[in-house]
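Have a look at these structures, which come just after this line.
Presented sequentially are two complexes of subunit A, the first with subunit B as partner and the second with subunit C.
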Partner chain A sequence: MTEFTNTRANHLVDPFLQVWGWEIPVYLFLGGLVAGMMVIAGGAMFADRQRRAGSVLTLLPGLGLVLLSLGMGALFLDLEHKPFVWRLYTTFQPASPMSWGAWILIAVVPALLGALLLNVPAFLRRRFPALTALSEALCAQAAVVRAIAAANLVLGGLLGIYTGILLSALGARPLWNSAALGPLFLTSGLSSAAALAHLATRDRSESEQLARADQRFLQAELALIALFLIGLLTATQVHIRAATLLLGGPFTAVFWVGVVGLGIALPLFLQSLAAGQRIRPTPVGPLLVLAGSLLLRFVIVHAGQLSRWGPV
Partner chain B sequence: MARFGMAIDTVLCVGCMDCVVACKTENGLPEGLCRDWIVTEATGEFPDTNLEIRSERCNHCDRPPCVHCCPTRASHVEDRGHLVQITKELCIGCKACLASCPYDARYVHPDGYADKCTFCMHRLDQGLPPACTAVCPARCMHFGDLDDPHGDVSRLLAARRHHALQPEAGTGPRIFFLT
Partner chain C sequence: MNAPFYKFGAFGDEASLVIAFVIGTGFGFFLERSGFGSARKLTAQFYLDDLAVFKVMFTAIVTAMLGVFYLSWLGIMDLALVDLVTTNLWPQLVGGLVLGFGFVVGGYCPGTSLVAAVTGRIDGMVFVLGVLAGIFAFGEAFPLVKGFYESGDFGRLTLPQALHLPYGLVVFLVVVMAVGAFMGSGWVERRFARPAAER
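So, the complex of A and B:
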């Protein structure tokens, strides 16, 4: 028998840590989504598919800038000492994933702007006619197009992985102590980006391509979730105790029903039926993928804050 | 260069909370928040039972995760005594340091910055011990340089059984509990 009493009752810390509310999961979701959009758009640029008339991929950079701004807005809302946010950009701390993230977020903006300039949307061309000439000049330079594509691929990959490493580097929370978290959040970001593009496209063949890509991302996500749990269950007692938050503990139902069942398994099933032309293509699958991806961040962030090294 | 730490005698500690009150008074802490606290741990089965009362606070770790994760260097290790301190004008209130501490020793000050035990740095500058140590009526708290083999703390650690909190977390805590 062990019994603890503690006189400490600090706000956001006791009886269990709850320093991060809705803002960080939303930021991680939007950051992952934008990362996925950058990787997909960058890949399409290399394959020279993004300039196909009517391709939804031409919209991704512009949409990415908007979603990134919303994500950074959520991150800003989470800060407790808001007037000092500029301090992030007066230093670079190589041991701090949050410092890496702050600078990656800055580097991502010109990469997205470059991609946007390669395919300026029609409404922007009408409003700013000079953009057409600039876009054509950029597109005529194959090296510039390749550089922008590479920047989107690399920075998108870094942004997606960083959203997971941000948590996994915090060793005091055993649920987050997994090298699988970075690849898992990147894959989840890729699947949600493919789902969003799938929802937006009007092109039948592009829709099928995006659905196939999404299926592969979702399968990889399932494998990474399995690795994440196996890694915790084969580690120390505190990691096993952390894993039980998702395996019998308070987050079991929302994780297995919401994230894995409705967010991954059901969309996989629906999209495989649609691919075999046994049902008509439906937006339900992609919508569930997006909801599941957001829920994954909420579950991991909140369950992770409940996990700890010391007495429970 | 000194490496300050503490040895706290759990056999003498009665959990009177004088250390908590002294810290709050000395440092002008906001209502409802504390930099040190009392933990009572009862273990065993009757009749073989044990009661340990501990005065806990920031462990000023040798490998402080709060310093490593800080994106602005607000959390840093002072040369003086190798103490983990916070520059509030650099802190953005991201709370990564709160999440990274296995002892949950930090909190968010109502003004927005992360706050925690400083080992009363302002008193150390005047040659005084931390307030908690100075007021302890049981004289169970000992503060000193862990690298000084002739100091109080080093001699107690050499002579008495002791343990630190969650050493398996790998942070190198510098507060030791004599048992």
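So, the complex of A and C:
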């Protein structure tokens, strides 16, 4: 007797689901980076640290607006029906992370603008002298400063964690079915924001503070990666199979060497050597953190699209 | 026989890259801790007043050689499965001279330049960019130099084969040579020592 398997013979039965290219990882990276910048700037506003002359933290809101626009540009490029993007803003669906994300992306703009107005950069003051008076009026009201700081902290946290929840809510992709993904992306955003500020600052004590903060974020990120993998490995067979994409599968080397080794462990090690004054402070650590953070999004997005519930 | 582990399937391609990264990082760490992230230290060997590079590298080579020899002798490692690049005498001689020239002029070899770059030395970063540019240029020009690159091919050639001597005897001779070289290098360093101000 000859037995035929006639299901799934038509390639159209399985839709092509690896539809996300470079745009989504880049957006997730820039969104996370801006989220981290908002949280750090918000925290500094509460501590009144950003008002120190020459502090790099004063640049974060303006830079955040630019990076957020680039990230949203990448997201826009990914949209299939670009002319209808405005429809996202005709409704709010509390059960949809994408709807949350669309509104959070709009809500962070005034928070960033408020933070920018508290510390208007010199070139903007020269071009728009009225901004100086507005900034001074805002800074004179402690409640306004606290409100802007709180808005940056809360909305930054939401933006950072939403980038992970956006993926983890997609049940069809087992690699993303982890509650650790949101905190992981938030922590990664915080570490990359601290690294970027660390790169840009010229103030020695601020540089040391940012390096210490970055080290804590990186340690937390390592712990969250461990939790992410443990969670998958102790779940269903489908999730275990998804985890093997990073544990022996095609993404093993890029994940462990690129993301964990070069993006987290080596910068941690270099920064601890620099803190102990065994090597001179180097921009290599922060640069590796930024590259590792971007790579994390690429690996998770691409590996996640390969993971599936059905037969491999 | 159960080594080389990769050849016997203990792990796959992806895991081998992770292991290579860990070993490479460890190598880089010990290079840095030995002071080999400094171009001054590295180039001092060409002025013969500090042969630390020579001593460390020769020690590493002899240690690895003895390790491989004894592992093979004990039946743990199959030497026939250890990868060897083929000997292409003339291009390798020219390549060695080019690398040595670059080493003297730039102050680093490729590995130590990475160590220097990672620890924040700008000259190391520039050197790494030069290495990458050289690799790119060589890759693009490869069709032009392919004939020379493949010339002088002796295949997988080892010292015991080339000298027609037993493997163990060659190992012994290299160890004797190393001991002699270490003793001689101490004398050379004292002979060519420069005042600290000139270094």
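Going forward, the second predicted complex is superposed on the first by the 296 of 312 C-alpha atoms of A that agree within 3 Å, B and C clash if a C-alpha of one lies under 4 Å from a C-alpha of the other, contacts with A are read in each partner's own complex, and residues count from 1 in each chain.
In this text, a contact is a pair of C-beta atoms (placed from the backbone, for glycine too) under 8 Å apart; a residue touches a chain by one contact, two chains touch by 3 or more.
Keep in mind it's a predicted model, so treat the numbers as computed, not measured.
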Partner touching more residues of subunit A, whether subunit B or subunit C: B
Contacts of A:L270 with subunit B and subunit C, given as first, second, both or neither: second
Touching partner for A:R146 - first (subunit B), second (subunit C), both, neither: neither
Which superposed partner A:W20 touches (first subunit B, second subunit C, both, neither): first
Touched partner set for A:R280, first subunit B, second subunit C, both or neither: second
Which superposed partner A:R126 touches (first subunit B, second subunit C, both, neither): neither
Partner chain in contact with A:R87 - subunit B first, subunit C second, else both or neither: first
First, second, both or neither for A:R212, with subunit B first and subunit C second: neither
Overlap of the subunit B and subunit C footprints on subunit A, listed as residue numbers: none
Touch list for subunit A against partner subunit B, complex: 1-14, 17, 19-20, 78-82, 84-85, 87-88, 90-91, 93, 95-99, 101-102, 169-173, 236, 238, 305, 308-311
Contacting residues of subunit B [partner subunit A, same complex]: 17, 20, 32-34, 37-45, 56, 65, 68-74, 88-96, 98-104, 106-108, 111-113, 165-166, 168-170
Touch list for subunit A against partner subunit C, complex: 248-253, 256-257, 261-262, 266, 270, 273-274, 279-284
Residues of subunit C that touch subunit A when the two form their complex: 12-15, 17-18, 21-22, 25, 32, 117-120
